[in-house]
Every structure is written in structure tokens, then in C-alpha cells.
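The letters A, B, C and D name the chains in turn, as written, and every chain counts its residues from 1.
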């Protein structure tokens, strides 16, 4: 085991840089050379690679984004794409490859693992927190805090104007961010793709709040629940209250990672290098039962991560 | 001069509460009683009023929104509306009324001033900074910082993905926020309602940046420039680069006011009380040539505030 | 089970208010009346009590500090003090008492539990994270982020001036905050009360960094490690570099709680009410193996919480 | 006019990097080459210089500190030091030198201006705001906001514990930061070097507050007012209340500059280049009466900047 490769893939997440730093410095302390492939799978296919050293990863711990750049590469998961990547790994004598990304990236990594002798280990970094096998992904805590900070600000206006606000947060398929952000911001209603709620129910909640003296309400909705613009119009019509929509956009992906996202980056990075050094490939690193563990790569690709619906009920009680 | 009324009107702005606190405490120190009218002109028309004391305005200095609530009241600027407001002022023996709001609120205040003996003084509080006679409105500095913080975060993703981002900030008619935010965030292109820029020019700038090695660009656009969604599609087609749109929404109105917005709130509040005590009504307070002054209320309603186009040129040079 | 008491005790922590809100609203939804005792044990001894309702705890979710006030009460742990508190509980017919605080508060709670029939349940809220039985206390995550934000700022100056900085964070007896904050901020040296490090070793690390091209270094030290002022002078003498000391003070206790501190507050509050309703007293709530659990109150008072020294080693590797 | 030099000197301030970027890009657009001297006057004396290009100053707009490093150089203001610097300017054919720093740096710059043909222009960047001729220095707004954010947090604890806090902010000789921060944070007492206040007066204010129901008070003190530790003990003894001291340290110098500090950096940088191109040396750039102007370098060194004592009175009224 001499050479370690690193790649960031898929949507960026705060803490990717902290992860690159951790991997590089831990691997270096174990006598490994480290190489970064640029722009996700693109860099593997086209052999865009540069050495990473303890000094070259200095100063990036607190930076959002990824110094290795990232991209979505639809061509990668073809025979040809995997073949090219496999050849790059071989010609560069990469013994282990650490893939920093989300569930999409891990599906690619899994396919690649069947085409190469290089050991592949994944590190979950995604604001969506939708990776099976880990309670938390790097960047999730940062995104939740970014969302809550924004929602707190919007509440100032909601209260001052007696208005209803629908705040759309990221999450095309899953509601982890909406649920955590909604509870932490005290949202009166939380809408997630996993649970259908009838419009009539939402309207009823708002009317009940109004009767209790809560003239403003915050509805936090994951983007995957459907057309929030229409929803806003609908609720406005049925409640008679002003309803405004605010879509929290790409800022949720950026910013300096929180302490927790950085800490996870350090611990996950360390564990991934350890896994490679132990000859354990086709794994991802995760936080499970409060411990840093590894789990099977293929398993994480196949199983959908469960969401704690009990928290949704609690959220409802807490916003009374 | 014994009784002073206060009202917040129009869109809320960070620092309105700090202004209410300043007015109340300064007025109290001069022996005045202070009364707050709730929900903008609505409160004046319907005589919804409550006393404000140095203690009751404690703890609000750093809070966004307005404890007096605010609203837009289309009925106010009718004969009947002004009449009702005038009667409320008379029956409550309000000698002076301080109106905290933006240019729309001042137009209403101006009309009211012809129907009442109560002295009326305006304090400009608006994230739009579009009030003639003052270099800065309360809340503007906060909104600019909120926008810049968001844009800084989005730049992380822009760079990591080699993407173009259009970031839409508030400003239906004026570009003060877009211009200041764009310069402070180092936007490659700034689009404001005051200056038409041809799409071809934007595309050219992006291509030049690309040639220079700047693979990502940030375009900051005031909402008043037109359909940003369409613009994004257009630029994507013509540059071949990925273009994403992020609309910075209502969070720009909220949040704890910055030190500068709070300081302006204190100084403006103090000056407004002084103006009323000196018997000078039909004025607004402002920052002019670095000093706190008052100017004619009618004048501020009639003249459009000029925007420094030199800064737009400078922005272009700075983003090279 | 009809009446529930709540008290915040010891040093304040961000998220105490979120906890009060969660307890009140969950308890109310189960048909309980809730009463808050003011100023810690003082309020129990002197029967300073006020009702808490879903509406009266509105708007406090994101506020630092505690609306119930808190204090240290040396008299409480005497026979007389416990007797007075016990009588207050009886005369107010309090069936269950939830104590929000740190390890000191739990020792008092434990003593009280032998003098009363009221069921007592503790909720760990402390920036020190030093409560046995829970992986994390409410407020810890906020304090770590506050510290990291400050350290990030100081690093700007450290780098610009080629200076060594010692940054003292809170933690009289334990190093949880220093350790987590130090790793997350990339500190070159972390000093905690649990592990003695010789000055010579620190000097050596700094000299090695200097040789590697790192002209500035950050030393994060828990306040419990001894006289940091002296340490600064010593290191300055031995390295010849400028050394500055910055003591991060009480700001570490305040501020709006992070999303995670708020979420813990909600989950812990909910669990504590559940425990009381199940007739289980003399427990504290905690996060263990990723789950919300309760553990024995007496046990938490007797056992010192272990600190993961492996993280200290990792920190050293990460800062190379 | 072909070659422009830039140097940052004295204590660092947020926005120095934004200034370097502005100078470099504006100068480049006018056909000038730009060179940065490293570590303040040290770099001029020892000819440590590197080229600055529009690309090499990319990405620094929002970064605290200075990429050119800074230092205090006692040797500079000797005959020998000035001679060395003058020779460096000559041998590098530097036509104009822009000095970014505070009043100490300008005194050095003024002395140097008599020993060289290079045109020298100063840009005030200092968290102290103590430069005559400009209403505001780059970095001041950021430092005030940093201080206010911290004080807001400490107030949470102050209120929860009914405590008095003395918060020491930077300012060895001048009270600009303490005054602005104190007003914006609603400090009950503000202590600055320019105005002696008797301890008895402070104690009286605290007692009056207590009588009014304000059980906690915040005293903001500039470091130059004397021994705050002693003051804390004294007030504790005389009021019988708990008094805590918190020294806001070096974090006040760092952090990402606010929008306003960045904007000033852009405008000042632009004006400084313009001044050099117009052949006007021995000037500093400033904000005066709301406009960007230049004033005489020697004048700024000789005259102490006045502080608006009316604001101190207002602060007292506002904190009632």
C-alpha cells in the first residue's frame, strides 16, 4: 500500500475540504503518497490528477466547496467510463481510492469496484443525509444550521406582518434536512416527501394556530414534495391569510462547515485511511450508534435510509 | 408637546425595533409620553394603540421585525382613511407622530400631514435604501450583509462546480442593494433596473472570464430587472456553461440588525424626537454628508434618489 | 400526575430556553400543568414560581440564556435548604420536577430526591459536556461552534503576523470543549486538564512547525490547565516567536443555540416528560449510542465521564 | 508611472485583503504593474517583494488578515531604516507606493516621503478608526459588528444570572470602537479613554438600573481606560452584585470583512490609485462628508481625530 487516491463527486457539501485535509495528513503520517483526482469521475476517466501534501491542504479546513472540484458525470457509469477510470487507477498505481460524496457517487463507486483491483472506500458527504449506514453525513449539520438561520430571519417578517411563509429547503427525494431544520426552527408545519399530508390538514393547522393567537405560521417544505408555488396560492385562498414562498437555494450547499461537520470530516477521513490500510475495500465509513464504523458499500447502495417519523409527530406537538 | 405617537409602516426592515426603542427612551427623557400604533396605518385608522415605556421597549434593540407590527394599507390613502387617522390622532391628543418606513409610507405620511395638526416626522427604514434625502436607510446595511453572506456561500459551490450563478436580490424598482451587495461580494456582473445591459454583453463578459481562467461567475441581479429564470436559460444556451438561479428571498428583510443599522436607528430616532420638540413637522430624518439632518417630507416624496453609477463601472473593473 | 415543575440551575447554556419550551408544550399536550421555579434552587427554596403555558414559552426557541433565570445556591445542599425545597414541592403539589443543568445541579437534585416524593428527572444542559451517561449535553455544540468561529478569526491575525496564539476556552475541570474546538479549528496544540503535556514538548512542536514553513501556530487550552498567561511568556522566551493570549470569555455561554443544541433540547425535553409520566424518577435523560435514553441519577453523579484520548492523538496528526 | 508598490503595515484589519485586490485590479486596468512588499516596512527595508496580478489576488476579497503579511518594525523610523526602504523603492523603480495601515504606519510613511521620489499614498485600515481626516477606516465596521455579536451573547448570561458584566474591547488610546459598539449593543455604561468617569458614578448608574428593575448591566470599556480587573472587583464590592470581566481579544482584528468594510476597501483602493496616477503623493484617502477624498499625509499625522461626545450622552439616555 503506497499510493492513495481521493476524489470528490456529486453535489458539493461543506466539509469536503476538511475531509480531503484529514485524509491527506493521516495518510501521509502512515507513509502513503496521496493524489487528488479533479472534477469527480471526470478526473478519473481523464486522468486529471495532482499530488496532495500536508502543506498543499493547509488552510482549507474551514472552507466550503472542494479544492478538487466536483461534477456529475453521466458517462461514468457506462462500460467505457468505468474502463477508463480503471485504467487510470492502474497506470497511476493507485492502491486505494477514497470517494467523498453522496449515494449517487457510491453507486458509481460500487460499479467501479468490480472493474479494478484498487480498494475503494466511500466517505458520505452530502447535505441530504440520505446515505444508508450512517446516522449523519458530512455537511448535513452545516446545511441544517444554514436553513435554521434563514428561517429565523424570515420569522421576524412573518410575525411583523401576520403572514404565513412556506420555506422550501433542499431535498428532492428525502426529508432529513426539512425535518431537522423544521424542528430546530420551530416550524408549525413540516412537509417531506416521505409523508403525504393533505392540504386540508395544513389549512386546518393554520386556522387552529390563528384561533390560538398565532397569527403567523412557518411551513418548512422539502423541494421534493411538489409545486410549492401552487401550494402557497392554495393555502392563501383557503385561509384568507397572506402566504409568501421563500426558496432557500444553493447557499445551503456552501459556507464554512460547522464544528460538527468538520469533526465528522476528521473522524471519517481517519477511518477511511485506516480501512484502506487494513485491506478493507468496498466499504463506506459511517457514524452508527455513536461510533465511527465501516459498512458494506453494496449494502449502502441498495437500502434506503429510514427516517424517524416519531420526530415528525414531536414537531407537531412542539409547535402548538 | 406631551404625547408622541409611533408607527411602523410598509415592509419591515431590520432596525425598526431599535428605532422604536430609541424614540421611546429619548422622548421619555424629555418628559413625553409615547404611544405605539399597531399594524401600520391600520392602527391609526382603527385606533389600535398601546403605551410604550422605557421598560416595555427593553430587549428589542437586536431583534429583527417590529413589535408594533406593520402592514400595507391600500385604504389609508383615501379621503376616508386619512380622515379616520386624523381623528385618531386628535382624540388621543397626539402632538407628534413619528412614521418609521420607506418611500411609500412617506407618501402616506405626507398626505396625512395636510389633514391633521399633529406634527409628522418620518424616519427612513427600508432595505431598499430608496429614500431621497438620506444616504442610507435603517436596515439597508443589514440587508447588504445578509446578501453578501449568502453570495459568499454560493460562490463555494460555483467554484467547485465551474458554474455560473444568477443571484436575485430584492429591489423591485431600484438597484441599491444589488449594487452594494454585488461589489462587496465581488460579483462578475451586476444587473440593476436603472441600467439596461444587453444579454450579449453579459455572455461576452462570462466568456472573457472563462478565457482568463475564471470558470465560474456570479451575476447579482435586482428583482426588478425582469425574468431571471429566463435569463438563466438564455445564458446557459449561449455560453454552454451550467447556469443556476438562486433567489435570495425574505431573509433579506429579517435578522438581527448590524451595528450600523442599530446606530443609525439610535441617531435617527433621537433626531426625530428633537425635530418634533422643536415644532418642526413634515420632515424626514436623514444622513447627509456624514451628518444627521432633516429634510422636507414633500420633497422626499417627489424626488427619486440618485444612484452612483460610477460604482457600477468600478464593480466591473474590480471583478476582472 | 397533574403538575410538573421545571427549574434551570447552575451556569446557563444555550438551549435551556428551547428545553423549557419543549417540556412545557409536550407536558401540556399530555394534560399536565407546568410551573417554572425561578433562579435555580433559590426558586425552590423560596417558592418563586410561575405558570408556564404553550403561549408563554412562544418565541424563546432560538434565545440564549434562560427565561427562568439561574443561579448557584450554596445554601441549597444543606439540611435546611433541601427541607425548604421539599416543602415548596409539597405545598405546590408538584408531582414531577425536571432539573435542567449540569453535573453540579444533578448532585443537588440527587440529594433532594431523598427528601421528597416528587419524581425528579434531570436534563443535561451545559457547555462543558461533562455529564456521565450522555454523549452530549444541550449547549455543547453551540459553545464549540462559538469557540471555532472565534479561533478562525484569530487565525487570520496569527497568519498575517507570523504569531503564536494561545486561546483559552472554558473548561475548569474537563477538556471536552477544548478538544472538540481544537480539532475543528485545526489547532496545532491542544491542552486539556486530563493530559499533562510538558512545556518542552509544546515548544518542540512549534519549532517543528516553523521548520515545516508554518510560521504561526494556534494553541487551544482549557482554562483548567493552569496559568495561560505564564505559559505564553514561557513559550515566547523559548521559541523567540511573538506569543499572544486570547481568553474566550462568557460569550461561549450565550448566543442563539445551534440547530443541534435545539434538536437535543426538543428530544431531551420530550423524553424527560415521558419519564415522569411513566413514574420513573431519579433519572437523567441522555444521548447514548445514538439513542435518547435515561440513566440513573445517582450513577451520573458518581462517575466521571470518560474523554476519548484517541481524538487527541488524531488532532496532533491532523495539524501536521 | 509604470510600477506601483503596495504594503500593509501595523496591526492587521479586516478588509486589508479586499484593499490589496482593489488596488491591484484597478491599477492593472490602467496599465500599471503592481508589486507587494511583505511584512510591512520589513519588506521595504529588505526588498521582499512579489508581483501582484488580477489573478493572484482572486478569492481574497472576503478573507481576514493580509496576504502580504504585516509587522511592527521599530527599526524603520531610523535614518538607516528609511534609507534602506528608499533604496528598495529606487532599485525596483517603484513610482508610487500605497501604504495600507493605521496612524502609526502613516507616521512612518510620512517620514519616508521625505527620503524618496516615489509618490506615497496612505489608505486607512484599522479597527481603531483613529485616523484624522477620514470618518471611517477599513475594518472598523467589521470590528464593531464582531464586538456587538459577542456582547449580545454575553447579555444572555448577564440577564439569566442577574449579573454585571464589564466587557473590554480594543482601543488603547481611543474609544471609537467602545463607543460605537456600546451604543449598538445597548451598553448601560460606556468607558473610553477620552472621558474620565468616576467609579462612584458607575456604581450609582448600576444601582439606579437595579431600582428600575434592570438587574443586569453591561459596561463596555476600551482597554485604554485602565485596569478593568480592578474595576470589576471595585464595583462588585460597592454594589454587592456579581461582576464578571470578559476581555474581547484578538478576534476583533480578524474575520471576514463586513459588506461596508469591503465597500470602503474598494472605494479607497480605487481613489488611491487615482491619486498616484494624478501625481498626487503625500496624501491619504478618506471618507469625508459622505465622499471619498484625499487629505494631506502630514496633517493626518499631526492632528488627533475628534470623537463625537454627543453620542456618549445619547448612549446614556438610550440605556435608561
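A few points about this structure:
One rule holds for everything that comes next: a contact is a pair of C-beta atoms (placed from the backbone, for glycine too) under 8 Å apart; a residue touches a chain by one contact, two chains touch by 3 or more.
Owing to the predicted nature of the structure, the values given are computational and were not obtained by experimental measurement.
Taken together, chain C and chain D share no touching chain. Each step here moves to a touching chain, and the least such steps from chain B to chain C number 2.
Using CA-based centroids throughout, the chain positioned farthest away from chain A is D.
Chain A and chain D, compared by their mean Cα positions, are separated by 40 Å. Each chain gets one centre point, the mean of its Cα atoms, and the points for chain B and chain D are 28 Å apart.
Inter-chain spacing, taken between the CA centroids of chain A and chain B, is 35 Å. Residue positions of chain D touching 2 or more other chains: 152. Every pair of chains meeting the touch criterion is listed here: A-B, A-C, B-D, C-D.
Contacts from chain D toward chain C in the complex involve residues 8, 12, 14, 16, 39, 63-66, 69-71, 146, 150, 152-157, 159-162, 165, 244-251, 253-255.
Considering their complex, residues 21-22, 25-26, 28-29, 54-55, 58, 61-62, 135, 141, 144-145, 147-148, 152, 180-181, 183-186, 212-214, 256, 258-260, 262-263, 266-267, 270, 287-291, 311, 314, 317-320 of chain A touch chain C.
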